[in-house]
Amino acid sequence: MKKLKWLIVLCPCFLTGCWSQFELNERAFVSGIYVDKAANGKMEISLSFSLPNRLVPSDLGGAGTTGKPYSLQTATGKTFTEAYKKIQATLTRNISWGHTRIIIISEEMAREGIRGILEFVLREPNLNINQTLLIAPGKAKDIEELTPIFERFPTSIPISFAQRKVTVNATPKEFLETTSGDMIVGLLSKKTIKMLSEGGKEGLFVSPGEMALFHNYKMVGKVDTEVGRGAFWLRNLIKGAEVTIKAPADQQLISLLVTDAHTKIRPSKKEPFTFNVGIKAEGNISESQSNMTLTNENQIAQLEHEAEKQIRNRIKATLKASQEVKADVFQFSEYLSWHKPKIWKMVKKDWPESYHEKVKMNVQVDLHIKRLGAENNSFWEKEKSL
Amino acid sequence: MKTEQITQNQLMLFFILYYYSTLVGFAASQLIYLSQYDSVLVIYISGIAGVILAYFVIKLATRRPNEFFVHYGSEILPKWIHIPIMVFFFVSFLQISGIILREYEDFIVQTYLPRTPNWAVGCMFGMVVAVTARLGFENLFRIAQGLFYLVILGNIGNAIFIGKELQWDRWIAFVTNHSGQGIFIGSFQTVPTFGEVVILLFIFPYLTQKHKTLKSIMWATFFSALFIGQNIIWLLLLFGPNLSSHLTYPMIEMIRYIRIADFIQNLDHLLISIWATMVFLKVTVFFTISVQILAHLFHLKDHRPLTFSLAAVMVALSINTASGTAELTSFLYQAWAAFLYFLEFIPFLYLLVDTIKQSNKKNKIGNKLKT
Amino acid sequence: MSFFSKLKGLQQTQKENKKVFLGADFDVRMEWFKETFQQSIDVTFHELTANQTRCGIVFLQCMVDQQTFDEQVLKYIVSPHFASSPSELIHKILDLQAISTMCTTILSDMEEAAEYILDGKIIVFFEGDSRMIAFPLTSFEKRTGSETTNENVIRGPREAFLEDIHTNVTMVRRRIKSPALKMEQLVIGKYTKTKVIISYIEGLCRDDLIAEVKQRINRIKIDGVLASSYIEECIDDRPLSPFPQSQKTERPDVAAAALLEGRVVIFVDGDPIPLIAPVNFYMFLQAAEDYYQRYFLTSFIRLLRYGWLIVSLTFPSFYIAITTFHPEMIPTSLLLSVAASRENVPFPSIVEALLMELAFEGLREAGIRTPKAVGQAIGILGAIIIGQAAVQAGIVSAIMVIIVSITGIASFVIPGYDLGFSVRLLRFPLMFLAGTFGIFGLMIGVILIYIHVVSLRSFGMPYLSPTAPLRTSDLKDIFIRAPWWKMQRRPSFSGSNDRSRSNIEKSIIGEDED
Amino acid sequence: MILIIIGFLIIFGYEWTYLKSKKRKKRTYWIVFGIIGASFIYCLSTVLFEHMPSPSDMIQFLFEPIQQKILG
């Protein structure tokens, strides 16, 4: 036994220092991937690196924080690998994919198709398939130029959009799960504004915007923010979001915060192409510009009814938008295949057509307003009655 | 040689790990590819087949409960048939351990140690296997007992934390989606894995309370089918059959999906190393049996001096088996199952011959008594 | 091999010790004693005449209580009232032993007499009779006022064993006042003739265990036994294992508790730390205080100890593995600060870790060996000044200092010092493995250690005993400590048929609740 | 290759001391070292001849047609 232990102790001594080992300061950590379209059918890959050498505290011999702690490297290539290997060639450190959290693809590239990108993401063992996937208008790599006000890295900003569910959080995994490559993905919007924090300089400001519809891994259309709200309901992302509706009596605006929501999609039993969408939601009133008496049970019931109707219309609008481009972005086909495998087998071949023509939706919304907030009726309402 | 050291509890816990390890880790992708939503059903069918095989194996083994199969086998079949069969068993078990080791090497190298050569991983692993084999079955099963709780903890943790990511709407598919073809092909590939219970024949003399063996095996099969089934259901609910069958190692992708409060991510390395210990157990048990068969064939007092050299052969086999993943997978999917069927049906032959011989003997004695 | 041949040689020389009988002649015997103890200034030879009989008194000057001897023995012998004739004197002293209540020994073998003298007894012999009498008036300077120094408790007894074996045995006997408590004495060591007492409780302890312990101790042929560790190394099941296979304690209460569990305690004269066998892995993680504090607290602290045990074994290697092989395991924000602190470090992290670990071990060793007054200064120097300076100079990263400190603290959390030491030792091969194969290497190392521990035995008892092989009834005192009224059965390694240890009727809900 | 030779030398030495300490019969020595020798030759040949047939090739040759037939 003793000899053996020595053997085990000695064995690594012969071997240390080879193969897979890279120290932390020999690695370049990719925090985000930007994909743009380049000329001649090539793609332009930009990798955002975080630079820990610029984060060294100055009392430990660091250079202080003169530069920004991130950098962007760009290269073009026919395939993803070709491009990233070109970047690797210019770097002193090894590219490390493990901390990539976001992939941003330009609209132009998305319209071309993102199959190649997804293929690389899936095949590379170190890349997770649960990053955030977003589409950017114009050049994707410009997003990196935004000024991170609260965060250290620009990539944290779009990631937080997805995490806080202000835009649809589509991941490569969700894309890959589908049979047809139909998906709804969040689109960013860019704007240049004056930044107070940067001493009034003009800077890029990125916010969540419209939504992109994908069919067969290609972007085929967009829906605007208003219509896109329906997607939040259908994809079960609405929890924590705000819904503004018009009061039934005086058409003034009332805002609700959805505290709990659950969406259930089932193909209807009689008609295979009609889907029952059941939504159960709870919400609190966060603001009311209307004169309606919120403490009245009947009034609230009316308000709920009105809200349900509006939500229903939004969802239907979203569905219609997706049907127009034949993109089954909410995976109704999946529900059909789970519940009615036989029917699914028959319509599998020309599903986009059937989706476009036959699919209908029965939306059942059950909204319940639970709390009114710190005030019951709007304050001016009380003065009147006094 | 000391016998009767393995308690029934140890046997049960060991067999749970034994089934669980490779099926979940390596075979899940192929199984889901073949039988889609029927995979769980396939697991249960295979489990039942395994128990039936175990019944016959135990029946054969209980006739001479304290002797080694290698020794008493020549009483059943003529020596010139028995010894080649034993040599075949020896080579097969060594080959099986080599194949599992190869799958494991590929897995580790691809996922965690890119650029590390296969043989380095194999040598490290082979060394541990040899050390464990040297300690004999008693310690091997004790190791299993200790590891079991760790594995179960890991599994439960996995099940809980992944739960919120699952798409529960998909569960109805388990009820509605069936295909006879899928069940048949899936079962054909999976039954041999549960049929590996045939190793019981070689460890039978070591067991205590031998009459309870079948019960332990049944419980072990039940629990492992439960755990495997749960993992496969989780996989299907998380990724769907389409993506699951496209991933080389769907388990690891699933574990990567665990997010606890956005702080603890990527627990895969830890959980995978827990799982790897199970693979280690499986390789070791096959290896130990093959070494013991060889030692018994030569009528050696113990198997210890053979372990290290044969471990080297195992590592060499694991590398020599296939030149690449494509060759390995095509071998595993096209010939492996049939080979295992052949291997696992040999005990039936012995049982049959033995039964005939015994009834003959009885008849003869009966005849003698009559006359 | 050479070790064994030495042992054989020893055996032969010991056999040569023959008995020497020199008859009744006074001068011949006196001469023999003087020759035997030539050039030994501490041996006193005294001749006197009492009642017309020549008496010889031989003893080790500094090891006997001369005053008591004078008052209790000599006074009577010399007094003319004691006996009227030489033959009556001899008859009274040697046959009737009528001079004191001390447990004297009568002997006539000169070699034996010499041994008795060396053991601190007073030998008295008379003209005209070959027999000699030995008075056990051993008395020497002992350390007194014992208080625990290593196994400290907040609540519970503070008494600790001393060097003198008889004091130690008494301390245990005072706690277990039962005739079933047996103390068997053996003498080991060719020159030291050290007393070794094997104590156990008859009926609780397995008979084969007692026989095994005796047989193993009797097998030892050695020049000298100066401490219990001499014996420990000779009776280990697997002497090449880094893990301790018998427990050591300086507390009589721990020894008594071990006896009550059916274990054997081996006292060695001259060492305040007796051995306890058999032992399992988990006993090294139990402290005496566990049984004196409330069970909730104890259970929590025990679980904590297991956590720290794992930390102390694997923390540096885990750090090496994840930073050099799997940085994706670290959350991004943490990774960036780790990477930033490592940015200027010139060494690979395995070298860095080894450097720091070795420095830490050196500091610890220096702290123990240096005089107490200087020790504290070394602690401050090492911990604060060197650590700080090394980080600022960019030789090691701040994270590594944290890791090494945490590991160091973790190794002190383990109550069994022996186990703590072996864990500290095993850390180094694990670090190498982690530096070569990452988490996979670490896992291989941990499996190897686990396999080794599983296969270990301490006096036939499996080292991981209540968990592998599993004995559910014994688990009450392993990871947690169940309250006393729940632990009604003795651990299963006790040989007693009647395993019930206590019978306390206790319901959790108070009786007068309704 | 050097690693294999070193490895087998260590194995050889280790088993030699093991057998010696256990005082085994001469026959055991022959069998053990025979097996060590055979495994050494196998290991060496896997390194020297990259495309040496392995048992798996044999299994594939024998059982692939059978499985094909069963599965149709």
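As written, the chain order gives the labels A, B, C and D, with residue 1 at the start of each chain.
In the analysis below, a residue touches a chain if its C-beta (ideal position, glycine included) is under 8 Å from a C-beta of that chain, and two chains touch if they have at least 3 such contacts.
To keep track of the chains, here are their UniProt names: A = Ger(X)C family spore germination protein; B = GerAB/ArcD/ProY family transporter; C = Spore germination protein.
Model, not experiment: these values are computed from the prediction.
Asks: Count the C-beta pairs in contact for B-D and for A-B, then report the pair with the higher count.
Replies: Answer by contact count: B-D.
Asks: By C-alpha centroid distance to the whole-protein centroid, which chain wins?
Replies: If we average C-alpha coordinates per chain, B lands closest to the whole-structure average.
Asks: Quick one: report the Å distance separating subunit B from subunit D, using the average Cα coordinate of each chain.
Replies: 22
Asks: Determine the centre-to-centre distance between subunit A and subunit D, using the mean Cα coordinates as centres, and give it in whole Å.
Replies: Centres of subunit A and subunit D (C-alpha means) sit 55 Å apart.
Asks: Indicate the whole-number Å distance between the mean C-alpha point of subunit A and the mean C-alpha point of subunit B.
Replies: So the centroids are 42 Å from each other.
Asks: Need the CA-centroid distance for the pair subunit A / subunit C (Spore germination protein), whole Å please.
Replies: The separation of the two C-alpha centroids amounts to 65 Å.
Asks: Which residues does subunit D have that touch at least 2 chains other than itself?
Replies: Counting only residues that touch two or more other chains, subunit D contributes 14.
Asks: Which positions in subunit C (Spore germination protein) are in touch with at least two other chains?
Replies: Those would be 325-326, 328-329, 437-438, 441, 448.
Asks: Which parts of subunit B, given as residue numbers and ranges, touch two or more other chains?
Replies: If we look for residues of subunit B contacting two or more partner chains, we find 112-113, 116, 120, 123-124, 131, 262, 266.
Asks: Mind listing the subunit A positions that touch subunit B in their complex?
Replies: On the subunit A side, the touching residues are 4, 7-8, 11, 15, 19-20, 98, 122, 125, 128-130, 163, 173, 176-179, 264-265, 334-335, 337-341.
Asks: Considering only the defined contacts, which subunit C (Spore germination protein) positions touch subunit A in the complex?
Replies: 238, 240-241, 323-329, 332, 335-345, 348-350, 391-392, 394, 398, 428-429, 432-433, 435-438, 441, 445, 448, 452
Asks: Would you tell me which residues of subunit D are touching subunit B in their complex?
Replies: Per the stated touch rule, the residues are 4, 7-8, 11, 14-15, 18-19, 24, 28, 31-32, 35-36, 39-40, 42-43, 46, 50-52, 54-56, 59-60, 62-64, 66-68, 70-71.
Asks: In the complex formed with subunit C (Spore germination protein), which residues of subunit B make contact?
Replies: That would be residues 7, 9-10, 108, 112-113, 116, 120-121, 124-125, 128, 131-132, 135, 139, 142-143, 145-146, 262-267, 269-270, 272-273, 276-277, 280 of subunit B.
Asks: Which of the residues in subunit B end up touching subunit D in this complex?
Replies: Touch list, subunit B to subunit D: 91, 95, 99, 123, 185, 188, 294, 298, 300-301, 304-306, 308-310, 312-313, 315-317, 319-323, 331, 334-339, 342.
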